[in-house]
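In the part that follows, the structures are each spelled out as structure tokens.
You will see two complexes here that share chain A, one where it goes with chain B and one where it goes with chain C.
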Partner chain A sequence: MAAAVPLAVLALLLLGPGGWGYAEPLRDSLREELVITPLPSGDVAATFQFRTRWDSDLLQEEVSHYRLFPKALGQLISKYSLRELHLSLTQGFWRTRYWGPPFLQAPSGAELWVWFQDTVTDVDKSWKELSNILSGIFCASLNFIDSSNTVTPTASFKPLGLANGTDHYFLRYAVLPREVVCTENLTPWKKLLPCSSKAGLSVLLKADRLFHTSYHSQAVHIRPVCRNARCTSVSWELRQTLSVVFDAFVTGQGKKDWSLFRMFSRTLTEPCPLASESRVYVDITSSSQDNETLEVNPPPLTTYQDVILGTRKTYAVYDLLDMAVISSSRNLNIQLKWKRPLENGYIHYQPAQDRLQPHLLEMLIQLPANSVSKVSIQFERALLKWTEYTPDPNHGFYVSPSVISALVPSMVAAKPVDWEESPLFSSLFPVSDSSSYFVRLYTEPLLVSLPTPDFSMPYNVICLTCTVVAVCYGSFYNLLTRTFHIEEPSTGGLAKRLANLIRRARGVPPL
Partner chain B sequence: MVATSFLSQGVTAVAGLLLLSFGSLATSQIEDQAEQFFRSGHTNNWAVLVCTSRFWFNYRHVANTLSVYRSVKRLGIPDSHIVLMLADDMACNPRNPKPATVFSHKNMELNVYGDDVEVDYRSYEVTVENFLRVLTGRIPPSTPRSKRLLSDDRSNILIYMTGHGGNGFLKFQDSEEITNIELADAFEQMWQKRRYNELLFIIDTCQGASMYERFYSPNIMALASSQVGEDSLSHQPDPAIGVHLMDRYTFYVLEFLEEINPASQTNMNDLFQVCPKSLCVSTPGHRTDLFQRDPKNVLITDFFGSVRKVEITTETISLQPDLGIMESSYKEDRMDEDLIEPLKYAEQLPVAQIIHQKPKPKDWHPPGGFILGLWALIIMVFFKTYGIKHMKFIF
Partner chain C sequence: VPPEVVRGKRAALYFAAVAIVLGLPIWWKTTETYRAPLPYSEISGLNALQLRLMVPITVVFTRESVPLDDQEKLPFTVVHEREIPLKYKMKIKCRFQKAYRRALDHEEEALSRGSVQEAETTLAEPQEQAEGSLTVYVISEHSSLLPQDRMSYIGPKRTAVVRGIMHREAFNIIGRRIIQVAQAMSLTEDVLAAALADHLPEDKWSSDKRRPLKSSLGYEITFSLLNPDPKSHDVYWDIEGAVRRYVRPFLNALSAVGNFSVDSQILYYAVLGVNPRFDPASSSYYLAAHSLPHVINPVESRLGSSAASLYPVLNFLLYVPELAHSPLYIQDKDGAPVATNAFHSPRWGGIMVYNVDPKAYNASELPVKVEVDIVRVMEVFLAQLRLLFGIAQPQVPPKCLFSGPQSEGLMAWELDRLLWARSVENLATATTTLTSLAQLLGKISNIVIKDDVASEVYKAVAAVQKAAEELASGHLASAFVASQEAVTSSERAFFDPSLLHLLYFPDDQKFAIYIPLFLPMAVPILLSLVKIFLETRKSWKKPEKTD
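Moving on, here comes the complex of A and B:
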């Protein structure tokens, strides 16, 4: 009896922890997401986001067990009492004019801004140590951050996470524009991911494709967020984002067809087993506008519509955790094809060859009504050979005017005329269609001032050089090589003898 | 009587047997000790790989350093034990036609940059001061671990340097030099602080042998790509990239190292023969007089590979989950939920608050020495010219 009771207690104890193990919710979760956006200029932008949310208050309890949240960053938060950390490393510039507004832009180089907790006493010292530690973690030269490139903004850079007081004394911001981003920064960034480029969306992160882009930006954002809708407790959120823009001409070879394989030289095979959500979103907003249809292959099972950055957008959703998405071929290669209607435009361009032929650009375009269309060409000024300049080079050089040949719809239908009967001014251009008339217009010629050399310089140089040579070298040469001979005075020529005759006659001493 | 004689015979036989076994044990012990004298006594390996040249046309120096990095990593030294210093970025240089790659063989056969590289000191951080601080260990306290050489007296260190050099100096980034005397003194500091067990120094620059002439600390073996008065030449250009990809000496060293695997028994004498004058045009040199062991007993993997002391145990250890913490924190979550009021996010652009914020009062600092001195001078001149009698009107 007495033995049975302890046995029962022991059994309960053994079951108890096991029971807790099953009922306890997971403390951290991972969501991964890739958004593919075809841009108006023909390029395509891909934005990866990996979000690890950790339901624990690092600053209040001693944490020793790290699962999905990386230990390096967790220890950093508790040691330096961080409230928020935002670090980005970027190469290139986001061209909003051609590409549209970005989700999250970052300055070229390295940018680090940090909010410290209210309990920190020496913020500058913590800031300096933090930037040194981060330079070791991310293999970047962040240790060059010091008081000469750190500021404390007073109005902007409010905390992006939960905040109960915003005393800007605890904010520090620094940018290192000279910082280079390369594989050595991507490698530790990838190692912070729970699935670390082995499974899920991170298999697409191959350095040789990611750096062959017009814009590459990778960032780490840590902030406290609400744990639930009531927002009574705090979770820590780590977001790792990576945005790249693939160039249509460099990577796409001029074609506007994109696929995951062409962009990343990989396809997706399986979701990350540690992720609770793993999705790919493709922006198909333009499939209903502009007569251009965007075809996405394989066809999505669901779509998502929302107002993003002020405009209504539609996204095709591929959920990797859904078995139907990667079922058939064991890999997912999303392809985007533009189905253009019949080309009703024409472009012909013949580039110039130096001193042989000029540029020729012909374009057939349809101008919309009540609008202004601008056509612009960039050019560079080159240096000519000095014999090719005209005698008055400061006047400039002329570029021939452009020609516009247009069929203008006429408001009144014209009737075809007999050339012999009608006056001369109405038969300049043959009229085939009575609904529009043909006109040829010219622009002004362009006067371009080219950099003009100083043509007097050859003369100046020759004069100066000859002077120097004559004075210096000539003098030395003469001194060194001239020999002096004693010369007998000559007895005199005819003129001297005649002169002596006359002088003797005068009584003056002879020459 | 007969029994006792038999017994004594048995005892002597047993004694003889025991003596024999002791004798053999003793000889095997002496053999062990003798063998240990030839084997290296190091327990960990470190590598310090330095490229000191900047600018695109010095691509080959970065490729040199990365090829040694690649070999050393392949043979087992982990990134945490490698300090890699690259003075310029060639892989993501705007002039590189294939970004994120550094090639060592033409026709882009071998990408030595790889996918897994970690550069510890890069770009402007590669200076003589940082290099000497890494070697001697005198680093500012907030330096991260990956930038430190945490070696001890049982570490074998490989130091590889490449760049432009001359007779007695090596140029860092076109703006400063390190002399062979400084380098020798740094190694002596390392020896006195017991920061290495054995050190292998390889240098691939013009007149490289001059850099190891002045070493005077024990246990250093040095190799150089050329003698004093000779230039180290580059290997082959790649027409697509437009620059020379590698230097000759390191190219042949890389080919030699590609044949090595962590279990090879190749020794240093083979490394000394790597680039004869017919291939390298310069005469590679080496220096072994400071080294205690014979080079033919020194394995390549003593410096290029990594020693791991592994003890295999057969007892099972069961890991207990940490139950106490899990339970208590779970309970805490439940309790706190009803007590705290909801938190909220900060407003990103509170216009009214920004416009009306009061400027912080600036801390008052007493006037500096210059201002005080200037006023003192003015006052003295005034009183000297106009006399001391004005004092009583002031004070």
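Moving on, here comes the complex of A and C:
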């Protein structure tokens, strides 16, 4: 803004006092919740949910006044007559085989499905405009949603909220699997939270940690719900959910222990003053089953038991609104330690940075006898920048060999020898224990053929077709315009003269 | 000549003929860019447009206002025209067209009432006056309608009252008074200059002069309550009631200018971008005038863009400073605290700092319940809204009684003034847009001009001309509508995406694709043509030699 002008004199407008409105009971409420689940594979899943409920009928009021409900989304509901909106942006894939069933799974990329009110006449037009606006709000490429990737499911995707008619004509569904989710999608999502990222659970939402994970899924769900038990009127519910799966091995140097600070690089310091409920649940099911294999610190005041997704679960509950939880140490850093180390292993993984450093994966494994261990790494074939291709790109690119360093138990116990006197070939590697010896093995280098583009294909095609056309045309032209007539041999051609020369040399009469 | 040679020659000629007669036109036609014809001459004519803004004034004489013989020889109309000097290519002339008549019976009766307000309500009842027109009543010199020291009265509607005089030169004196009043109530030079601020050269209206909001079809008004410290302050504001009681009436009065939508929101943990300074003398915090521009940008990211419409947004922020920084005052350039504790930024909106009563902290523990005095806040916001729209404080001529606005906070003639300014601004914008579009299309020859773009251009030109005509004949409302149409059509033409289709198609690539085909085909044709030409010339020369 270029200029700001202080408002100096104001005696022009004198408004008469109106009737004083007494403070009404608040019509909106906020609940926030974080569930931390140690996964069977050793990873840790964290699921945030922020629920804003607003007892207002957005569709009928001309002037809208927002408190906790974000204005940007409220305007969308009233302008496009939405009944339900579900948007999720996901990076990675929830691996049910290793991680167990998720609370709410979402497909990789962006998914949007919307139920419109049955007053909407041109659903496709509203859908197009809505996806464009959502793409602006969440900085995602939702504007690529068009008729070619939109479907209207007839059996699935029934409304999740209050609905009196389910005419699937008012449903639109689209998925953009290519969408890459990153910080610029998280920032607008965080801005919709009433406490922004200043207080409460949202303090933990630090972008550089949330995207350093194996799975990241953020979602917005808007739906109408019943305001009371008899469902006489409608309220709007906005649920913002965020699930992440932390790779505990990478962040925890091979240990499965975790703490809030280690995962999010933040701790909880104060509850959001606007929230009516603010809780952290930690899954300690294995603790109650396997006789105290893990320890949660600080010890929870209450626990909660329920059957979730078909299994009985136990959660340690921390209520941030309870003064005792935070006030003891001024912040809350929930820590979980496994008492018995589950296996003697070590994994160190250093991911590559493009054009700067390669991947490094080190594993310390104890191999049982007569066993086969397979280490497989998935990789993606990518196109390099065109200047980075070698002169013979079709030859392929080399991946350096992997190394196995092992202490192999010896069949025969060797007697301890003096270093200086033993032959040189037997004393390269120092051996501390005589019952085993050291070997280092290398595998073959790997030759990977990467896709190579054809750098000049389009122009070649143009030139080739033009040449073919020109050649055809040229011969036609010659055929039609040239005149052909038989020429009487006067002195004869070059061949005849040569033949006569040879004939004369041989003494044969010329032709 | 052998017949084979003739046949070959004829074939070559046919080839050349087919290539020229058929090939060239097909190639030309298929690669041509479609350019619909545009009214270039009319667009360049718009540049030198002469705007005549007519203000129809009805002057009504009561019985004893002027000497009788003067009343006898009243002319029907008098035109008073003057040029408004602006450094702008568009010439703007303002003409006051005064139509004289004697008062009708019911008007005489109304003007003989006790107070001027009473007279006005009785007069206003029969018919609503058209936008832009004025009615001036000339009353007798000794009438008790006005206080004795006042010579004229300006009402909230489109009426004014001027005291008459019994004098030989009565007619001229009253004429001068009428013009004085009419100029205060209708368009003046600075109103138009502010409206044309974007189009005038910088030296005349530098950027620190206040610039009113750009003309648009509609506006969105957002009231935001910023509470950076919800742990200490639990703020409640009755914004719904305030909008209903104060904002809506004002916007209804302004409804001729555009559509308005109003909403409000509360933002928590939203802080200003500037750390206020501590003033130990008064143990308060202050924001210096030079730091005010830096306040807005960080806040703006939290305000949220208005996703649902394309209209410009006006933001009004009520900032309740956090406990650690209160009380907070805004200082002006001289270092004195601003009485209203508010400031505004042209074309963006206004910010008011609302300090919590320090007594509240003693009574109870945190958070303190704060109920905003919404009347005080709305007074500031409505005044800022007037300033943002460029509704200046009226300049009252000397010895004039001034009524002040009615409950809605806007006088009818202020609305007229705004409509005039907006019409002129719209016309200037539309003309500039059309001129630059015409220039651009003339300069770059491979821009496609589709039919719908052309029709928008024609529509815009027609609307500009219609608006100018309506202004000249004094129909302000329809002129304003036409000027809005002109802007909408011209911008729709200018920003049509089809104009960009072929813009970035360079010539060298075109030739790289043409040459492999065209060169091998053209060379034999040209060579054989040259050969035929040489041979025919030789055969023409031969007969001459034999002669």
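The rule is short, and it goes like this: the second predicted complex is superposed on the first by the 313 of 511 C-alpha atoms of A that agree within 3 Å, B and C clash if a C-alpha of one lies under 4 Å from a C-alpha of the other, contacts with A are read in each partner's own complex, and residues count from 1 in each chain.
Please note the rule applied: a residue touches a chain if its C-beta (ideal position, glycine included) is under 8 Å from a C-beta of that chain, and two chains touch if they have at least 3 such contacts.
Just so it is clear, the structure is predicted and the values come from calculations on it, not from any experiment.
Colleague: Looking at the overlay, does A:I145 come into contact with chain B only (first), chain C only (second), both, or neither?
Modeller: In the superposed model, A:I145 contacts neither chain B nor chain C.
Colleague: Per the contact definition in the header, classify A:H65: touching chain B only (first), chain C only (second), both, or neither.
Modeller: So A:H65 meets both chain B and chain C here.
Colleague: Between chain B (first) and chain C (second), which does A:L274 come into contact with in this model arrangement: first, second, both, or neither?
Modeller: second
Colleague: Which of the two partners, first being chain B and second being chain C, lies in contact with A:S196: first, second, both, or neither?
Modeller: The second partner, chain C, only.
Colleague: Touching A:K79, do we find chain B (first), chain C (second), both, or neither?
Modeller: Only chain C; A:K79 stays clear of chain B.
Colleague: I'd like to know which partner A:L112 touches here: chain B for first, chain C for second, both or neither.
Modeller: So A:L112 meets neither chain B nor chain C here.
Colleague: Look at A:V35 in the shared chain and tell me whether it touches chain B only, chain C only, both, or neither; answer first, second, both or neither.
Modeller: After superposition on chain A, A:V35 lies in contact with neither partner.
Colleague: If you stack the two complexes on chain A, which partner ends up touching A:F211: first (chain B), second (chain C), both, or neither?
Modeller: A:F211 sits against chain B, while chain C stays out of touch.
Colleague: Between chain B (first) and chain C (second), which does A:T481 come into contact with in this model arrangement: first, second, both, or neither?
Modeller: second
Colleague: Touching chain B and also chain C: which chain A residues?
Modeller: Common interface on chain A, chain B vs chain C: 17, 20-21, 64-65, 133, 136-137.
Colleague: Flag every residue of chain A that touches chain B in the complex, lowest number first.
Modeller: Those in contact with chain B are residues 17, 20-21, 24, 55-56, 61, 64-65, 91, 128-129, 132-133, 135-137, 139-141, 143-144, 154-156, 158-164, 166, 178, 180-184, 187-188, 206-208, 210-212, 226, 230-234.
Colleague: Using the touch definition up top, name the residues of chain B that touch chain A in the complex.
Modeller: Within the complex, chain B contacts chain A at residues 89, 91-92, 98-101, 111, 113-120, 122-125, 140, 142-147, 321-323, 325-327, 329-330, 333, 336-338, 340-350, 354, 357.
Colleague: In the complex of these two chains, what residues of chain C are touching chain A?
Modeller: Going by the criterion above, the answer is residues 2, 4-5, 7-9, 11-12, 15, 207-208, 210, 222, 230-231, 236, 238-243, 245-246, 261-266, 268-270, 289, 292-293, 295-297, 301-302, 304-309, 330, 332, 338-340, 342-346, 348, 350, 367, 369, 371, 375, 378-380, 382-384, 386-387, 393, 405, 407, 409, 512-513, 516-517, 519-521, 524-525, 528.
Colleague: So in the complex, which bits of chain A are touching chain C?
Modeller: 1-10, 12-21, 23, 63-68, 70-72, 75-76, 78-80, 133, 136-137, 191, 194-196, 198-199, 270, 273-274, 459, 462-463, 466-467, 469-471, 473-474, 477-478, 480-485
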